[in-house]
Each structure stands twice: as structure tokens, then as C-alpha cells.
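For clarity, chains are labelled A, B and C in written order, and residue numbers in each chain start from 1.
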Amino acid sequence: MEVINWKSILEAMLFAAGDEGLSLKQVSAVLDITDMQAVDIVESLMAEYEDDSRGIHLIEMAGVYQLATKKEHSDYLKRLVETPGAHGLSQAALETLAIIAYKQPITRAEIEEIRGVKTERPLSTLVSKVLVKEVGRAEGSGRAYLYGTTKEFLDYFGLNSLEELPPLSENGEESYEQEEADLFFGKFRDTIE
Amino acid sequence: MEVINWKSILEAMLFAAGDEGLSLKQVSAVLDITDMQAVDIVESLMAEYEDDSRGIHLIEMAGVYQLATKKEHSDYLKRLVETPGAHGLSQAALETLAIIAYKQPITRAEIEEIRGVKTERPLSTLVSKVLVKEVGRAEGSGRAYLYGTTKEFLDYFGLNSLEELPPLSENGEESYEQEEADLFFGKFRDTIE
Amino acid sequence: MYKIKIDAFEGPMDLLLHLINRLEIDIYDIPMAEITEQYVGYIHAMKELELDVASEYLVMAATLLAIKSKMLLPKHEEESHEDEGDGIGYEEDPRDELVEKLLEYRKFKNAANEFKVLEEERNLVFTKPPSDLSEFSQPGEVVRMDLNISLYDMLGAFQKLLRRQKLQKPLFTKVARQEMSIEKRMDEIVADLRVFGGRKTFYELFPIPDKEHIVVTFLAVLELMKLNEIFVDQEGNFSEIFVAAKDGVEAVGSY
């Protein structure tokens, strides 16, 4: 008689699914077990991967389980792999995205009200990168588009769901490069005084 | 002092390399060790994977090391293929569809070049769902099939023509926002430098 | 001799927050005269430098001036009664709306910084594309139904593909370093020494901290010595080794 090695099967499935990942439903359907049992197996495999001898681990991202390399090996992987998306989003796009993430659904006018500047460009960048999408129309005369975040947004920031967004903090730690900015202003005063 | 966990790094590397695998040279170059040392590490990882608790193993094919699912799990992988995801289309199929939509007419080899993986199954899924069809033959020796989207594709997404496809952001989209900012401060910088 | 790199401000709110921070002003009690002066000075400076000042900056300047002048107006009599204590009254402070907006904006600006961190961390994680499972699928049945996808799903998958890290094959073919021949390095060294016109320390011949480059350079130096193309000079045991080209050795002179 053979004992079914669930963890082994799950590992094979996760490997094959790659960055498409597997939902809990898929795991339980393929293994023909209950969701509860599936959770158990997933969690036990997850724990095993945390061992230092393993280079990959099992994470939940954008609502699916998937295998991914551990952060501590990124230096080696960067030597091996091209990272096309290394540029990162602009400050304007990040601000716009943050407002949408926490206030969705939200219109462009409302975003501009908060930022105090026109936001057309960052918004269209975000839409074309599918980090944000039109999710409906606002009530009222203009029937302006309402924007919300996408599944790709979660993936882009390594989040599993919107609940994992960092909490909004009231008081601001200015993360400026203070000195540089002061230098800049020092110079300014010299010119205008 | 930290001990470098070579096997862990190797596992991460092999995972990221996916179906393309890694040559011994790549392993030793990235880890900055000799080929002999690399062989040792590879073989020791290989042995570990043979344990029944593991669903994948490390195989060598034509001088290339790669991770692959174990044969004994093929029944489950078959079921995985048959279990539709949330969309009815896998990510692989969606990727393939996007590439065809924007780059048509295109051969399978060209699609695989972009995706970096074999694309037989996603392509046949798309053909069977009538979203995509053969639209001709490429010039040249192979006379490979060219693929394009169908009328059903347009209907499905409510498009009148392919011109209505949203513009595609293929990297570097950020740069023009940056330009604006540079314009703002560029001149100032010129004056002080 | 310093260089300045400035992050552009993301608009008037961003600039105001910066000023508040730099002047160490309490955001709940902004000295309007001071901040307005600073802000307007900044706008003037931009104009003097012939930069386009976006209209939003000008609108904010007007707002600041309006608030400032409102605060200069004599207070109503009832207010001065209420205010007797520590100056906190229930009447509306002309700054309220601005402060509220600044606080709101700052929340999201902070969140944007957190997003930046998340973005960077995510870039440290590598995934793999789904495997090709065609060997497991039955060919055949044409099914044209049961799809539940949108254009976004398709585009989203494509963006994910674009972001996916690709194996860097060129690195390993390119870096086969066939070009780094000993002959070539010999030529480089001699040319370099001739241009320099004097002696160089041995270590200066190894500018690139790359194993292969070092080995090739070392072999090239040995070869050049053998061919009598260079002079090697050492003042004493364990002291610096100097190298010079054979022609144009005036500066060396010892041979």
C-alpha cells in the first residue's frame, strides 16, 4: 500500500503553475480533498520551505499560492537574470497609485484635489501598466470614470490582498534627502536676496 | 560570520531559470566557484531531491541542469490542466493572446521568443476557443504558421476593430513624466554646476 | 565643487510640506507670513530662472496670501472674549482648510514612500513562468464558451510577462571574453606606458578588479618582459615595482 505524499504532489503542481500560481480551490479540486485539508497541506509545505537549506519558498501573492525565490539570494539571481522592470514607478505615479489604493473607487478629479496637481499622465501610465483600471462611472453630471487597483497591482507590490496595504499614517516622517534640498534652498536664497 | 548555503542558492537559481535550465558554466560563473565545486553542489542537491517528499527533481539534459516535476505526479498535472482557473483561460493563454493581438501576424516561434517558454498548449487552447486562428504562412524555409486574432476575439471584447485595442505600455513609459520634472529643474542645475 | 541633484516637487502641496518640514514649523500652527514669504520667494526664483511655473503653484500662492491677509484682519469682539485664555477659540481658523488638505496629502505621500519600498522588495523576488503542460492535455475538442475574461485580464497578463525576469543568456555568451587576449592586453599596456611617458607602478596595470583581466594582464606583462618591450624596476626587495616602456624611457633613466 502506498501512502500519498500530498506535499510532494503540491510541490510539483506549484512548480508547474509558476507565476500563474494556484488558488486554494484549484489545489483542493485537483487533489480531490476539502479546502480545510488543502490549507493544512499548503501550510505544512510552507513551513518546510522556510528552512535555510531551501532557496525557494511558498508565498501567497495576489490571492494565489506560488513558489518564488527567497529575497536573500537576489544578488546571485541578478547576475543570472535580466530585470526589465527595474526602473520603478515615478513619484507622481506612486502618489497617484497610493491615493487610488486607499480611496478606491475614486475619480481623477478627486485624486487631483488631494494631490493639488494635474494627474492625467501618471494615471494613464498606471492604466497602461494595468496597475489600475476603470471600475465604473461616478454618479452625477460628469459621469466621470472611477478608478480602482487590479490584481497586477497586488502582484507588483508583492501583496496578497488589499488588506495587506500598509496602514495610512497621519503624521509624516519626511523622507526627503534633507541636506540636498537645503543646499538647494540655501542657493536659492542667495540668488533672490 | 555567515556560512554560504550553496544548495539553497543553487535551488533559487534553477527555479528562476525554469525550463531553460542552467549549464555548469553558468552555475560556476554566478556562484564564482570552480566547475568541480559546482558539480559537487549540483550532485548533492540532486540527491536531496530524490527524496519522496519532494515533487520536483534536478535532471541533466544535454549538459543543462534543470528542475522538473517528477513523473509519478503526472496524473495530478493532467488534472490540473483540465481544471479551469478563475477565468477559463490560464495566464499563459492570456499572455499568448495579448502577444498575438498586438503583434499579429506572428509565428509560434516568435511568441515563444517573447514569452521565453514553449507555447504549444496555450496556443491550441486559444485556437480551440476561436479567439485566434492561422492566418497564413511565414516566408522562409520553415513556412511556419502565422497566427492572428479572429472576429470572435473582437466580439468577445466588444471591439469594432483592432485599432480600438488600448495602447500598450512596453517599458520606459515613465520617462516622459521624468522629462517634465527635468525640464523644471534642469535649467536650474545648469546654472549652478 | 559640489553637485546638486534635486528631486522635483510633486506640486504646490509637496513644496509647502517641504517648507514646513525645513522650517520646522508646527503644521497645526503655521506662521502664515513666514511660509508665504518663503513660498513666494521660491516662485520668484523659478521665474527668474525662466522656468515655467505651473499654474497650480500660482493658485497656491494666491491662497496663501488670502489666508495671510484674513489673519491680519482685526478679530470680532466676541472672539476676543472667548480667546482670552490661551488663544484657542471655536471660531474658524482661516488656515483650517489648508492644514486639512496638507495632512491628507501627507498621508498619501507617506504611503507612496511605503509603496516604493514594497516595489524594491518585490524586485528581489524571482518567479518562473508556468511550465508548458502540453504533454498532459488532450488535443481536440473545440469549446467556445465559458470564458470570463476582460481586456484587462489580457493586458495584465502581458504586463506580468514584461516584468518577468528573463534568463540572461547574452551575459554568458558575451562574457565568454574571447576578446580579452594576451596579445591585445600587451598592446594596451605598451601604448598606455608610452602615452604616460614614464614609469608606472606595477599595480596601476591592474585597473579592473576582474579575475580574468588580472590574469591576462599578468601574463601580458611577463610576455612583454621576455620580449624586452618593457623595463621592470624595483628599488629593493619588497619595495614598489615600477614598469616603463622601453622607448621613451628618458623619465626612467636608470637603464
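We adopt the following convention: a residue touches a chain if its C-beta (ideal position, glycine included) is under 8 Å from a C-beta of that chain, and two chains touch if they have at least 3 such contacts.
All of these numbers come straight from a predicted model, not from anything done at the bench.
The most distant chain from chain C, with centres taken as the mean of CA atoms, is B. Chain centroids computed from C-alpha atoms place A closest to the centre of all protein C-alpha atoms shown. Chain A and chain B have CA centres that are 19 Å apart.
With centres set at the average Cα position, the gap from chain B to chain C is 28 Å.
Of all residues in chain A, those touching 2 or more other chains are 15-20, 67, 69-70, 77, 79-81, 84-85, 88-89, 92, 129, 187, listed in ascending order. Under the contact definition stated at the top, the residues of chain C that touch 2 or more other chains are 4-8, 126-131, 133, 155-156, 158-160, 162, 164-167. Contacts from chain B toward chain C in the complex involve residues 12, 15-20, 23, 25-26, 29, 69, 74, 77-78, 80-82, 84, 86-92, 94-95, 97-99, 101-102, 114-121, 124, 128-130, 152, 156-157, 165-166, 168-171, 180-185, 187-189, 191-193. If you check the complex, the residues on chain C that touch chain B are 3-8, 49-52, 126-134, 136-137, 139-144, 146-151, 153-162, 164-167, 172, 175.
Contacts from chain A toward chain B in the complex involve residues 5, 7-20, 23, 26, 29-31, 52-56, 67, 69-70, 73, 76-77, 79-81, 84-85, 87-90, 92-93, 121-122, 125, 127-129, 187.
Of all the residues in chain C, the ones that touch chain A in their complex are 2, 4-8, 10-14, 17-18, 21-22, 41-42, 44-45, 48, 54, 56, 60, 101, 103-116, 118-131, 133, 152, 155-156, 158-160, 162-168, 171.
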